[in-house]
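So that we are looking at the same thing, I have put the structure below in structure tokens.
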Amino acid sequence: MSARQMTVAAFLVTLAALALLPFFGEKFTVQVFTKIMIMAILAMSLDLLLGYTGLVSFGHAAFYGAAGYALALLTPPYQAANFWTSLPAAVAASAALALVIGFFVVRTRGIYFIMVTLAFAQMLFFLFFDTKIAGGSDGIYIDVRPVAKIGAWQVFNLDNFVHVYYLALACLALTYWLLRTILRSPFGRVLAGIRVNEHRMLSLGYATFRYKLVCFVIAGAVAGVAGYLSAVQYGVVNPEMLGWHLSAALMMMVILGGMGTLAGPALGAAIWMLLELGLQSLPESGGVNFGKHWQLFMGAFIVLATLLLPRGLAGLAQVLRGRGQKRA
Amino acid sequence: MDFHTFLIQLLNGVQYGLLLFLVSSGLTLVFGIMGIINVAHGSFYMIGAYLAWSLTGGLGSFWIALPAGIAITLVIGLLLEVLVIRKLYDRDHLYQVLLTYGLILIFEELRSMIWGDDVRGVPIPEVLSASFPLTETQSYPVYRLWISAVCLVVAGLMVWVIQKTRLGMIIRAGSANREMVQSLGIDVRLVYRLVFATGITLAALAGMIASPVSAVFPGMGNQVLIVCFVVIVIGGMGSVKGAMLASLLIGLVDTFGKVLHLEIAGVKLLPELSSMTVYLLMAIVLLWRPEGVFGRRP
Amino acid sequence: MLQQARGEGVSGAALRTQGLTRRFGGLVAVRDVSLECRTGEVHAVIGPNGAGKTTLINLLSGDLRPSAGRVVLGERDVTGFPPQRLSRLGVGRSYQRTNVFLPFTAFENCRIAAQSRRRSSMRFFRPALALREVNDAAERALAAVGLQERAGIAVEALSHGEQRQVEIAMALATRPAVLLLDEPLAGMGAEESARIVALLKQLVSGHAILLVEHDMDAVFAVADVLTVMVSGEVLESGTPDSIRSSRAVQEAYLGVAQSGHA
């Protein structure tokens, strides 16, 4: 079996295991894994930009938060939104935002791209944080979760955390399939060419700006799916969903898992979320509440990981495999 | 708006712009000369402000706190370069961004553990606490004029060092061709160390002198960093000239945006959306010259 | 000065420049160059290093914008057009410094080049490898340069000469009307060079070829028109014979008549 076949097999096995989790796990575990799967979707969407096209977006969380806010704003007070319309609407909102922001930022390269994606995302953050458009720094509560009915038949109940879990799982599988398909398509090959040698792509006749912009929009739309699911899970949205802490965490997830592999960032999301959870539950010791200052350890982890594992766990695996072969 | 109010806002805008220049010049120099993007640069602005607060309190005088704070930051910068930053040369910008972001988290938490999370204030030093009378009712604080003066002096010093001294020549040569300078027997690493330490000290200095007029609060580093990015995008990465131009522009646009009233088709734009003006400016520049006004055309 | 082209048929200039100039600050890299490339003709541009030959090709391919002068493609003024536009109008180019997709296989390099000829690559659902005509075009391009055995190998693992072959194959895969070749033979062995020269002789009937080269054997074997550039200017232009016997050329560029790799 080739390495690629092994990765796909591993992913499918994981999906199967995830499908069985609610039968064995308690509520807290199920909810943690719901969150992990949502982050995995988000990380995969960033991988499309970062790993496959070479666009280092430091403001990707903006599209995640935008969809969450879209749902919150579409939900009438004390009533439920319609799942079948609010999900596409929220995703469309993220896609439209990505189109507008992308139009400005995709014309930049390298370090400028990193800076302007961050700047525009922060602009959005301050828009929601400082103004009263959407609850300011406190955010908005979604009093009633969206309703998923067809006629009289309730397809699933989003107040039930198990239903939310399976919805997230379905979205994860669908996202993985969709991104794999896109990456194998003629469009996907253009993206790959742009990452390796954009200048040559231009001289071969490709209008690379258009392709990068479309990629940016697709990534934004998928991020929107994650944002919608997150809003459904927690019932609240706040400006932190747009913040750069999340954007930076996403970049770490992608790098940690191995960028340009799709499955890698999903794994990286799991590792990151579990690490965060672990650090946050650190006990107090010697008068210092380590759990409260968990970001200190997160920061140290980031510094070390960046120094020691440039290609993430995928790179580590390669190194170990290489060592094993040498000994044999 | 009457003339005196206009003058006050003009002075405020210029002062804010010059302060921005002080902070962003460090960032753009480090990138232009060493090729390193340090997103923790804003954290040093914050560290400077907190140092000013704690040292003024501890040592009793703002004027002792200033040089002490500068010395401390220089040492931190040198240590940081030796321990961590030097591993970033020749690495992808992505890794530089992530690693220095990790540093931001570390600094934030250390600040929280050492100085707490409360908002602090630093008293304006007595000798500068007077106000310049403009009219019978309006006056302008001398301290703000002093801030602008300090920034201008530092800017002048920077230009002088880079253009007129041997060190500056080495720095300029080193940024263009590192290997060649090294083969001439000059230890480029030492130069880099110095440049980095100076860069972050500029940010800290800005934080220190700004602290009496702006609050000292936890998020101040991140806030100023984003504006620095906008300065650099507009002015061009690596260009001190561009940083000055962009900083003044942003300083004026931001300041006037907060006091003007603008309503179009019943929609209140200013001063309600004044925080957007700077980003709008950036968007316009991106359409016109994506590499910045004085940036190098790719 | 410009002599009759070798080769049959009516051929207006496929690519023409008028007074083409490019300045870099105070340095004039290309000054007032006017030349013509006709279909069915190989127009070779030779000259010492620093003569401005690569700058000239960059101006023709859109990689650089002229400071003054015009570039006309067929009937159309294309001065200042960016590379992606010129490529779609039928200008193909190979680079002096190998400019390929190193991690991709030789086949994929040509395939992505051939795919560019489709009206739009905004197709998301079918696999790229299902595009039969694109695959065939890529295979043909590789076969033309003689690299079909190495199609499945990553270009970074190929020898330098083979990488140069991929470079040319990519330009061919875009089915250009005008081919701009910047030192295609650089770094190639004798056998590979001979194959490329034979290929050029084959291609010339359907294309206009502008060739910058140092390999004088190849140049004189294949060129219909020669232009000698020195210090950014055209020194002389004409048939190979007239250039070979020109006193001015011999004085300015010693060794032009000697064979060997410059």
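The first chain written gets the first letter, and so on, giving A, B and C; residue counts start at 1 in each chain.
Here, a contact is a pair of C-beta atoms (placed from the backbone, for glycine too) under 8 Å apart; a residue touches a chain by one contact, two chains touch by 3 or more.
Here the structure is a predicted model, which is why all the values come from computation and not from measurement.
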Contact graph of the chains (line, ring, star, complete, other): line
Furthest chain, CA centroid comparison against chain A: C
Chain A and chain C: spacing of chain centres that average the CA atoms, whole Å: 45
Chain A and chain B, separation of their C-alpha mean positions in angstrom: 32
Chain centre separation (chain B, chain C; CA means) in Å: 49
Of all residues in chain C, the ones touching two or more other chains: none
Complex interface listing, chain A residues touching chain B: 50, 56, 58, 104-105, 107-112, 114-116, 118-120, 122-123, 126-127, 130-131, 244, 248, 251-252, 255, 288, 293, 295-296, 298-303, 306-307, 310
Contacting residues of chain A [partner chain C, same complex]: 181-182, 184-190, 192-193, 196-197, 199-208, 210-211, 214
In the complex with chain A, residue positions of chain B that touch it: 31, 37, 84, 87, 91, 93-95, 97-99, 101-106, 108-110, 112-113, 222, 226, 229-230, 232-233, 237, 272-273, 275-276, 279, 282-283, 286-287, 290-292, 295, 298
Chain C - residues contacting chain A, complex: 61-63, 82-84, 87-88, 93, 99-104, 108, 111-113, 115-118, 121-129, 131, 170, 174
